[in-house]
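What follows is chain A paired twice: with chain B in the first complex and chain C in the second.
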Partner chain A sequence: MATKIASTSASPRIKHKRAGANIFSILPFVLFLIAYFLAPRFTQEKTLTALIYIGINVILALGLNLLMGYAGQISLGHAAFFGLGAYISAILTVQPIGAEVVPGFSAGLGVIAGIAVLMSLTKVSGWKLATGIAALFILSWICRLAHLGQISSIVIFTTGMAIFAFILRLGWWKSALAGIVATAGGTVCARFLMGVQTNGGTSPWIGMFVGVLITGLIAYLIGAQVLRLKGHYLAMATLGFGFIVEIMFEKWVAVTGGSSDGICGIPSIMFVDGLPRPLRKLFEIASAGHLGPKEQYYYLVWAFAFLALLLAANIVRSRVGRAFRAVHGSEVAAESLGVNTERYKIQVFVLSAALASIAGSLYAHNFGVGYINPNEFNFMVSIQLVVMVVIGGMASVWGALFGATAIQFLKNWILTLDKTNIQFHGHDLALKGLSPIIFGSILVLVMILLPQGLVRGLTDIIGAAIRGARRTTKRSVE
Partner chain B sequence: MQVMCGQTKALIGPNGAGKSTLLNLLTGVLPVTSGDIRLGGKSIVGRSCYEVAALGMARTFQNVQLFENMTVLENVMVGCHCWTRQSLFSGALRLWGHWREEKKIIAESMEQLERVGLADQSDNAAGSLPFGKQRMLEIARALASRPRLLLLDEPASGLSTRETSELSALLRQIVTEGVTVLLVDHDMQFIMDISDEVMVLDQGSKIAEGTPDQVQNDPHVIAAYLGMEAE
Partner chain C sequence: MDQIPQLIVSGITSGCIYAIVAIGFSIIYGGTQVINFAQGEFVMVGAMVAAVLLAKFSLALAFPVAVAAGCLVGVLVALCVLIPLKRASVITLIIMTVGASILLRGLAQLFWGESAIPVPPFTGVRINGIVEDRTIHIYHAVVGVQSLWVVGITALLVLAMHLFFKYTLIGQAMRASSMNPTGARLVGISPRKMVVMSFMLAAALGAIAGVTVSPVFYAKCNMGTALGLKGFCAAVLGGLGNFGGGIIAGLLLGIVEALAGVLPSPWSDYKDAVAFVILLIVLLVKPQGLLVRKKAEA
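What follows is the complex of A and B.
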């Protein structure tokens, strides 16, 4: 009974405390904004370049942290989504796909959209899904071979999918809808690509948007199948996906330029020039007149990073964010409380892929580079992302900021290490290419010594040290 | 088997009698191969776990399944999931609906925490609570989903005598509020104390059902618990 009285008297205070955002939850954002505006004034060009990369990495690490740290699902293939964003953005802005590839390419994309609709509406899986995918591809093939017009191909697709649904006892209108989406998606895609081709490239903003759309679609298709796996199996599946995409970048030379050429001449984005006048003035004053293209790009990247931080911080403290964390804590318990774990796992996977895609577009349009090749999105990048998340601290939004910064400095340091020849007893040590080993050992050390990440881990250690010191002084006073 | 509305029913039986299996069938964790399960007249066979939960069935687990990475309050707030609707976007953009719903969720969660006597620990990590409190938290979390039927899998195991009596007081209060309780346990005194009706399972089949007194004197039950020679 005593505990009951105590609890009722304590509760109003607690309720009051939780009622709204307090000053301490806003303070980091305010400091962040001030630093954001003033940074170009005090930094050299080299630092600004590093800051741009850090900003891109922050977006990537945030996305992966939502997936790994909060929802507890590992992905070892995140560089694939990063690369997809970069490549789609780059292809659409500089190297419109050749006219002979457009029809097949857009029909394929339409079919992918159709598969997504079929999967999300009918919830099929296994061999039935495989048959459905095959049916969509065959229908699309028939339409191409027969050179059908739009209307007749929609009719063919709809009836074909309805017959398929009837045979497999799926919802017929759902399958028919998948067929309609497949044709309509293909047509829209073909129109869009032809338009891009005649104009010789589209604006980077559209590239970024389309990148997010397609990457999100692919993440949905992959996630819905792969996220049923757990632990090591999920890691292996995502790893495999990462390799497939990497190989696609390397070998699909007609579209991606392959590994030797890559894509060159990608335009940058003049962020501040596109803003309304008063805002432009604000940026000009903040940067003290040094508002070159590099500074503008810095402002753009960090505007995205800031937005991503803000949204992620909001998400983790909302209904859906709690569902993500519940999935991490205990899937059975989450299910028993009405959380559709499968749906939320897919949701966080798609969200994370979309963030990676935005980061990829920003990476591709980086000022003064304008070039991408498959090596920038390989397996090592996926590992680096995981290291970033772990070092920054799992399940910590601000940890992503720290992890991205730490990895960027480490990378620069390793690059200088690669270039210098360190002599040992008069022999060349040849430390070139050691970066994988260094990254790996850092990951292992952090996992063993500071499993909560560097930030939390170090503050805990310092806190414990202070408490220990206090205790000893107290004892000596007594 | 039938559980009447507003009743407290206990399910007992020797080890391996199929009690936990039955609970898992009810909540949709395991697939039903034959027979039918109805909740308020609606068949729930073939529905997945989260759908059953949304229909008003909440449960606790034999080995406590808390979200240890979250605070005590957040644990209960997850319980409010199935009667709230805000999407990822409204949460990310902090739309008006988010704030309105969040207020409701916090109020309900604090109410549930007060009821089990954990309101003053709402900001602590759930994993740091002592075992007995963790069980209470699990019940509070299940209640936050506003269930019609509450399934408790061995709620009294591992509790001290005082904690058990607190638990029975809590369960009595829950029943007066119109929630039906179905519980599985081995603590006979606790069961006979609070349940209106008891059902005994042995090797997957029902061997007795009735009021606590009837069941206690049933020869089949005595045989199942003490062995054949008692018959």
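What follows is the complex of A and C.
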């Protein structure tokens, strides 16, 4: 499968020598931009709502497609990153963490940062890493119990980690640095959270940024460990991670509001109002004066979607993108050609998590909703993301656009179906909860019939048919 | 601390189910190198069919019908997997079985509703029209007779599986096919048949587990996902393909999970996450399983 992808996507490049500024490679983007600016002028409110969700889905699908389609690493827990982005920016904007939770929370986050530093510097894994994590947690626990000041806790952390490094024969200054980062990170986080609390929330932009930062950090930690697994094991590990995060959203009521309350009153973002005058003028002209909050939000979401599209399209054609595909094709072969497979896998995992986090923030701040709860980030959502990628075709940037759109329409259709009742052998059969059936059958059928995805599969079939027709006409002429 | 014996009893009950699901994973993995994400749904199908039938018919009818339904579902999933197996990448197979599992859950939800269905215990007493389970007291713990049924049937199944794989011709053929598919083909064993057989066997085991445990946990259309994951957790802990390890790991997992309920208040809420945390740690630290020595390629 992988070789086929590589050859089909490589062939046009050979034809045009350098694809760089080719008119045909820019044209879709130009059309896309024109449609982007003019859409609010010609659409109704309902369509605009759908377009906003489609935009969010596009960002998610692009991220997951880079991971699954190009690098060939499956993730069945991607809704976790989506949810982390949504929750972090929602919490920071409207529901700041209570003062009693802040010290523990920030200490924990500091330790997480410390673990990341320890991992990236010393490359430990397995039992040694587990001991290192335990050491960091125990140290931070000691510091909290003893109510130590910053200086003394830095000293404790540094010496503690140095002793730990000495026992396990790791680089002592690297471990000590991890300790310092853990304390400093904890302090910065606590300061920031207290500041947020006194101000009663930050701006959504900061929320989004912090969301990407923390989600990226967590994705790095998880990815660096989990991506050593392959195939089924990787799928199960990501699935398990997704469930853990989902349970956390549900049960950590002090921070997330739990499953019954959720978080409400999340403000929207007035995107165009914050732009410099000339740009604002452009948007005003394009939308013909209807520049309500909904239109503004639409512009914001699709601006991000467009950036994600550009990013993905460029990455795919770059050296990094070729490395991703090499990893997908054969890790051993890629290694032997000098591709650092481990690093690329982690990179693409973090990138796709960061994109999911941005999508999550956009989802949380959606105009007219302003409410999230754990159910919106559960296992079914992860599956829907996979369906988007599968329908659009793995390893296809524009396919992600198609997949995201198709799923959104499907979801709307299911919502209308849910409200209808049909007669089945005299019983009233409520068509409630159809979505698992529909998504499940799509997955099975597409995998059986068109494992390359709907778009590529259909074009392949049509291409084969045309070639077949040509051959027969040629033969009849002869 | 008084509740610990009680928790251990309930842990053993759910641990038995995890063990059976783990054996199912091992059987299918051995036959096809596929992790069947629909494994938990087999348990769900067994439980749901039994629950629906037991409302009108006796256990003697409901039990075999539920197991047969499980087998049928197993064969269908096997056929889905078999069609693309030759040219399939791992991702394709994963998505395929995930799709099958969601489809099964959705169908169950459509036909039997979303709510949990209570199921009468196998050997209960009728009190005021409701069949209630008999209980016995063992060292501070109240043990439902149904839990004894679960343990007994699990033991019986494990024994039966052992004998099946060791002494029957089909069992030996399945083992041969999983050890060396090419060699097995040379002596006339059809690998396709073996794949279907292994799915059917795993599904039958799951369905039996589902029927037995439904009086304790109720039958619910979304019970499968968590059961499947926890069973997988047990299978990995014990080493995939290692029956004995899977059984021990399943029981341990059940007990540890139940004991997590005694943790102080904010932590006991995360009881459900225990299995997943254990799964992640095991996958990261020793993916070949804690209870095996040989090195597996993870």
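FYI, the second predicted complex is superposed on the first by the 445 of 478 C-alpha atoms of A that agree within 3 Å, B and C clash if a C-alpha of one lies under 4 Å from a C-alpha of the other, contacts with A are read in each partner's own complex, and residues count from 1 in each chain.
Please note the rule applied: contacts are C-beta pairs under 8 Å (C-beta built on N, C-alpha and C of every residue); 3 or more make two chains touch, one makes a residue touch a chain.
Here the structure is a predicted model, which is why all the values come from computation and not from measurement.
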In the superposed arrangement, does A:A333 touch chain B (first), chain C (second), both or neither? first
Looking at the overlay, does A:S203 come into contact with chain B only (first), chain C only (second), both, or neither? neither
Hey, is it chain B or chain C that touches more of chain A? C
Which partner does A:V320 contact after superposing on A: first (chain B), second (chain C), both, neither? first
Based on the superposed arrangement, let me know which partner A:A130 touches: chain B (first), chain C (second), both, or neither? second
Intersection of chain A residues contacting chain B with those contacting chain C? none
Within the complex, chain B is touched by chain A residues 3-4, 6-8, 10-11, 14-15, 18, 311, 314-315, 318-323, 325-326, 328-330, 332-341, 347, 351, 395
Under the definition above, what is the set of chain B residues touching chain A in their complex? 27, 29, 48-50, 53-54, 58-59, 61, 65-70, 73-74, 77-79, 81-82, 84, 86-88, 90-94, 98, 101-102, 105-107, 110, 113-114, 117-120, 122-123, 141-142, 145
Write out the stretch or stretches of chain C touching chain A in their complex. 34-35, 37, 80, 83-84, 87-92, 94-96, 98-107, 109-110, 114, 225, 229, 232-233, 236, 269-270, 272-273, 276-277, 279-281, 283-287, 297-298
Under the definition above, what is the set of chain A residues touching chain C in their complex? 1-2, 68, 72, 74, 76, 125-127, 130, 225-226, 228-233, 235-237, 239-241, 243-244, 247-248, 251, 379-380, 383, 386, 390, 394, 429, 431-444, 447-448, 451
